[in-house]
Amino acid sequence: MTTLTLRLDGREVVARVDVSGQVFIDDQALMVTPSGDGLYLVSDGTRRWPVAVAASGDTCWVSIGGQVAVIEVESGRRRTPRRKSVRADALMAPMPATVVKVLAEPGQTVVEGDTLLVLEAMKMELPVRAPRAGVVGAIRCTAGELVQPGIALVDLE
Amino acid sequence: MTTLTLRLDGREVVARVDVSGQVFIDDQALMVTPSGDGLYLVSDGTRRWPVAVAASGDTCWVSIGGQVAVIEVESGRRRTPRRKSVRADALMAPMPATVVKVLAEPGQTVVEGDTLLVLEAMKMELPVRAPRAGVVGAIRCTAGELVQPGIALVDLE
Amino acid sequence: MIKRLLIANRGEIAVRIIRACRELGVETVAVFSDADAHAPHVLAADAAVGLGPPPPRKSYLKVDNLIDAARDSGADAVHPGYGFLSERAHFARACEEAGLIFVGPPSSAIERMGSKVGARRLMQEAGVPVVPGEAPEDQGDRALIAAAEHVGFPLLVKPSAGGGGIGMKVVRDLAALAPAIAQARREAQAAFGDGTLYIERLVKRPRHVEVQIFADAHGAAVHLFERECSVQRRHQKIIEESPSPALTPALRARMGEAAVSAARAAGYRNAGTVEFLLESAGDQARFYFLEMNTRLQVEHPVTEMVTGVDLVHAQIRVASGEALPWTQSSLAQRGHAIECRVYAEDPAHGDLPQAGRLLMYREPQGPGIRIDSGVVEGSEVSVHYDPLLAKLIVSAETREAARRRAVEALGRFILLGVRTNIPFLLQLLQHPRFVEGAIDTGFLDREGASARQALSADVPMAALAAAAYRVAPDRPAGRGSANPAADPFMTLAGWRG
Amino acid sequence: MIKRLLIANRGEIAVRIIRACRELGVETVAVFSDADAHAPHVLAADAAVGLGPPPPRKSYLKVDNLIDAARDSGADAVHPGYGFLSERAHFARACEEAGLIFVGPPSSAIERMGSKVGARRLMQEAGVPVVPGEAPEDQGDRALIAAAEHVGFPLLVKPSAGGGGIGMKVVRDLAALAPAIAQARREAQAAFGDGTLYIERLVKRPRHVEVQIFADAHGAAVHLFERECSVQRRHQKIIEESPSPALTPALRARMGEAAVSAARAAGYRNAGTVEFLLESAGDQARFYFLEMNTRLQVEHPVTEMVTGVDLVHAQIRVASGEALPWTQSSLAQRGHAIECRVYAEDPAHGDLPQAGRLLMYREPQGPGIRIDSGVVEGSEVSVHYDPLLAKLIVSAETREAARRRAVEALGRFILLGVRTNIPFLLQLLQHPRFVEGAIDTGFLDREGASARQALSADVPMAALAAAAYRVAPDRPAGRGSANPAADPFMTLAGWRG
C-alpha cells in the first residue's frame, strides 16, 4: 500500500494505492485498470470512467470527459498544506512572454492591483499587477526580453 | 560510425550510421532526422520521405507511403546470408491457428505438396504442405490445439 | 426512446454504435470475451459485461449469456451489429421473448429472408426481378435438359439446397449439359443429402450492386440509393463505393423501387440491404435479386457519406418506435464515397490472416476522411475474430477526387506490427480498370495476381535508412541538429538537381 | 494546373493546404521558422525551406525570404493561408511581380477592400447595404449633431481613421451627444492624428453572419451560403456554424446576392468572405456590410461540410485558370455543421495563452467528425504564434444532432500538457442560449463569466484515483487482472445499486 498526497486547486487529498490497483480516497474505493497507452478505466463498482493521464515529473495531467485537472502528486502524507506556506515574494511570468514595459522602480511603494510591468504574448498584452501592498525590490527583467514562466520578474518586499 | 546488417526479402544490405544521423547504404548517403513519436524524415539532398518505424527486438517495421517493410537489423557485418543456411526441418504455423486435422503420420514418406495437416484461423482453412519430398518425423501437435507461429508442428526428415 | 442498449458485438461496429448512442443520450452496455477485456469498445461503453472465453462460440455467439447480460445490466434493447448473431432469427426471437427491443427487423422477417428458395419465391411474387431459372418438379435428366433449353446458355446448374458454390457447374453448351447434371446431382446428394437441382441463367460479368433500405413500424419504407460492391474475393468485399459508376438515374430509380418492394414483401423494419446482380450498365441494364441482408452492413458508411444521414441514429430511433426521419424525396446522393476495408492479412502470401500486437497505429485525418476502427496502438489482433481492423471511408465531390483522396489517406495510414492489406488496396485503387470504374465481381480473380506481384517492388532506400538509424545504438539523441535552418537537407540546396 | 505550390504559412492551415495539393497532384513546399523545423506541416510537404528565427517578423512575415524560397524551390505559385501576409496587398503584388501565381484575389482587390472607408463607399455604389451613417464634411459640433439627429439614436460616434474600438462612443440620447463628440475627437486625434468623426447607427444585438463567395477569372461568381460566427470575444471567433439559426430562405437568398454583388464590385477572384451584421431574424431582418476578408477563412470547413465541396481544391484550380467547378444552382446546404476552435489558453484565468509540450494528444474520430490540426503528440506549443491548436468540425442531419456530436467529440479530445479552452467550449455548447441558437455578438460578454465559473466545478474522484495510480511506485504492471471476466468491477455486479 502506497500513500500519496494529491494537490490541486489549493486543496490536498490523501490517496492510498494497493498492489491490486485499488485506490482509496476518503471513504471511497476505486478500481483503476490500465488499458494501455496512457488510458485508464476507473470504476467505483457501479459506474466507470475512461481517464487519460500524462505525467511530467510529479505533475499529473488528467483528462476525464473533456475536463482537465493538473494534480501534483507527492509520496507520503503531508501535514501542512503547501499553498499556505508559500509567500509571494517574487512575481513570475505566467507563461513565456515578451516584456513590453517595466513600470515599477526599485524602492517604489505600491498598493494591491498596481501594474508593475506589461508582458505580451500571442498578440495579447498581459499586465502583471501587485497581488498585495508592498515595496518593489529588484527588477529582474528589461523591456524587450523574452521571459519564461516560473522565473522571477520583480521582487515585492 | 555503427555498421549494421539489414535483412529483408532474402537479401542483405550493409548500412553505416554516423553520429550526425547520416546513413550510408551502398554508395548513397541519406540524412535521417527524427521528428518525434516514431516518425522520421529521410532526405537524400533532393527528395525527402516521411517514414514511420516501430522496433520489436531486432525486427524493424517500417511504413513509407503505404508500403510496409519488415527488416531484421543486426549489429556488424555478416559474411554468410542467413537464409541460405537455414534448412526447413520443422514445419511451423504461419500464424496463430487451431489445428483442424493431422493427416501425416510419423515415418510416412511424402512428396512435395502433400498436405500434412490442416489449420484453421479466422474462418479460413490453411493446409500445411510438404515443401519437399521426405519422411515425416515427430508430429508435435494434435487436432483441436491452438498453435502459435514459429512453433514446430511436424518434423520432416 | 431506448434507455440502455446492449451491443452484442465487438470491434469497429461496436465502437461505432456506442458513439451513436452517446450522441443520442442512450446508455450503453458492451460485452466482451476474455481476449477483448481491454478492447476499445469495452472502454467506450458506460458498462461492460464479460461473456466467456475467446472463441466466439463460447462468448459472442452464446445467446443465453447475452440475454442474461442484457437483463442483469438493465438494458431494454439489443443491437446485434453485423456478423455473429445478427442474422440468426433465433437470437432476434430470444430478444423479443425476453422483452428486449431488437434493433433490427422482426425475427419473422429474418427467417423469411434467410431461406434462399423462400426469399426467391417471395421476390418473384412481389415483382422483383430474379435471375431467370427453373427448378423442375420432375428432376429427371430430360426435364432438366428441357428447362436448360428454356433458360438458354450459358447457364448454371446449382443444387437447390446448400450454398457456397458447392456442386455448382457452369455449362456453356448443350453437349456439356448431361455430364454436368450428373456430377452436380452426385455432389449435391453427398454434401446436402438432397440431389435436387436448379437451372439458372449465367449472368455475365455481373456487378454486385446493393440498395440500402429502411422501414419503420408505421408503414413507411424508403431506399437510400445503391452501393457498388463488385471488388470482392470469395464473397468478401474489399472496396465499396456510392454511387455505382454503372447506374443511370433511370436504372437507379428502378432498382430503388424494387428494393423497397422487396422490403415491403418481407414485412421488413429497420435498416436492411437488398443485394442485386447487375448485368451490363446504363438504362438498359438488367438487375436480379440476389439476397437480402437483414442487418446493418459493414459498408453502410458510404451511404451515410453521400446521403448525409446517420443510419445508426435512425436504427435506434426506429427501433424505439419513432417514425422514419426521412421521406424518399428528402433523400439525395451528393458527391462520391469510397470505403476501403483494412484487414490484418498478408496480401503477398495468399491473404493469410495475421495476428499480433499493433506496435504503431496512426489513423490519417483530414477533410473527407472518416475512419471506423476497433483498435488502438498496442491492441492485440487476435486469431479468434474477423481480421477487419478498420474501415477508411473517404468522400469528395467526384469519384476521381474520392479515389485520389483514398490513395493519399491510405498512404498515411500507419499500421505496424501485423501485416495488412493496405499495400494491396493501394494497388487496386490505382488499377486502370478501377480508375475507369469498369469493375465486375470477377475483377479481383482476373486482376488480383498482377496487383499482388506489384507488391514485391523494391523497398525504398529511405525505409532501410530509417530502420538502421532507429536501431543504431549511438544515433544522435533529440530532434535533429540544433540549428535546423542551417541543415542543407532541409533548405533544399540541391532541389533542382 | 499549378505544378509546385509554396505555402506561406504554418500550423493547421498549412497542413490542410498541403493535403489538398497531394490529392490534386500538386507538389508542395513548406516554409518554417526555427521553432517549427519539426512541425507537422514541414513533415507533410514534399520540400521545406527555412525562413529564419521564431518571431514572425523575422520569418513568416518576411516577404523577400518567401519570394526567394519560392524561386529557389522552383515553385510557380504561393498560397498565403490566413493571417500572416494573407491580406497584405504588397505581398500579393510581390508574388505577381515575381511571376508567381498568388492563390487568392488580385492585389488590387485586396487593396480595394482593405480600406474601410473605400470599401464602404464601393459597397454603397454596388447597392450592398451598409450600416446607416454619415461623415459630414463640416466637422463642427453643429453639423455632427445634425448628422446624429438624421441617423437616429442610439448611435455610435467613431473616428474615421483607425480601428479596434479606440475612440468609439455609444450615445443613447441627445443629451449625451456633445460630450461624446468632444471626447471622441480628442481620442481620435491622440491615437491617429486625425480627429475626423463619423456617426453610425447602433445595431442592436447584432449577429455576425458572413457569406462565402467564390469567383473565377472568367467572370463567374457564386456564393456558398452563410456562416454564423456570433460566438466571439474581442473579435476572436470561437464557435462557428452553418446554416445560421437566424436565416430564412428568403433572407439567405438576399444576403447571398448581396455578397456576390460585393465580390463583383471588388473585382474579386478566388475564395473570399463578405461579413455582415445581422439585425433581428427572419424574412424582415436587416443586414449591413461589415468588411470583406480577402482570403480563406479559419472557419471555411463548416461551409465545406454543409455544401460538400472542397474550397482549397477549388482555390488551386481557380488560381490555375480553371473555371469555377460549380454553378449557383448546383450548390446547396445540407445538414448542419459546427466548428469549435481549440486554443492553447486557460479559460479559468482570463484566457491567458499557454505554451508548453503536448504530453498527450489524441484526436476523436468517428462519423461526422473532422479535425484540422497542426500539432501531434510531443509538439511544442510556442509563444510566438496564434494559440489555435486544432479545429473540431462536426456535421450531422440537424443542428441539435451536430451540437450533441460536438459535445461528445470534445469530451473525447485528449490534450494534456498545456491548458486549452476545451472545458469552456463544452460549457458554451451546452449553454441554454446556444442550444436555442439565440446568440448575438454580445453573447460571450454577457454569458462568458457564468460559463467560466462552472469550470471550477469539483474534479471527479476518478481523476484523482487515476493520477494516484499512475504515479504510485508499486502499481501492478501490465493490463489489469489476469482474468478480467472475473473482475467484479467489469461484470457490473453492482450495476443497479
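We call the chains A, B, C and D, going by the order they appear; numbering starts again at 1 in every chain.
The criterion applied here is as follows: a residue touches a chain if its C-beta (ideal position, glycine included) is under 8 Å from a C-beta of that chain, and two chains touch if they have at least 3 such contacts.
Please read all numbers here as calculations on a predicted model, not as lab measurements.
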Neighbouring chains common to subunit B and subunit D, by label: C
A-C or A-D, whichever has more C-beta pairs in contact: A-D
Taking each chain's C-alpha mean as its centre, the one farthest from subunit D: B
Rounded Å distance, subunit A centre to subunit C centre (Cα mean): 50
Interchain centroid distance [CA atoms averaged], subunit B/subunit C, Å: 31
Chain centre separation in whole Å, for subunit D relative to subunit C (CA means): 39
For subunit C, residues that touch 2 or more chains besides their own: 38, 47-48, 479-480, 487, 490, 492, 495
Where subunit B touches two or more other chains at once, by residue number: 33, 35-36, 48
Each pair of chains that touches, named by its two labels: A-C, A-D, B-C, B-D, C-D
Residue ranges of subunit B touching subunit C (in the complex, touch as defined): 2, 4, 6, 8-9, 13, 15, 17, 19-21, 23, 25, 28, 30-36, 38, 40, 42-46, 48-49, 51-56, 58, 60-71, 73, 75, 94-98, 121-124, 126, 146, 149
For the subunit C and subunit B complex, residues of the former touching the latter: 349, 352-355, 357, 359-360, 362, 382-387, 410-417, 419-420, 422-423, 426, 456-457, 459-476, 478-481, 487-490, 492-495, 497
Contact set on subunit A toward subunit C in their complex: 33, 35-37, 39, 41, 47-48, 50
List of subunit D residues in touch with subunit C within their complex: 16, 19-20, 22-25, 29, 32, 34, 37-38, 42, 47-52, 72-74, 301, 304, 308-310, 312-313, 325, 332, 334-335, 363, 365-373, 395-397, 401, 404-405, 408, 479-480, 483-487, 490-492, 495-496
Interfacial residue positions of subunit C with respect to subunit A in the complex: 38, 43-44, 46-48, 376-379
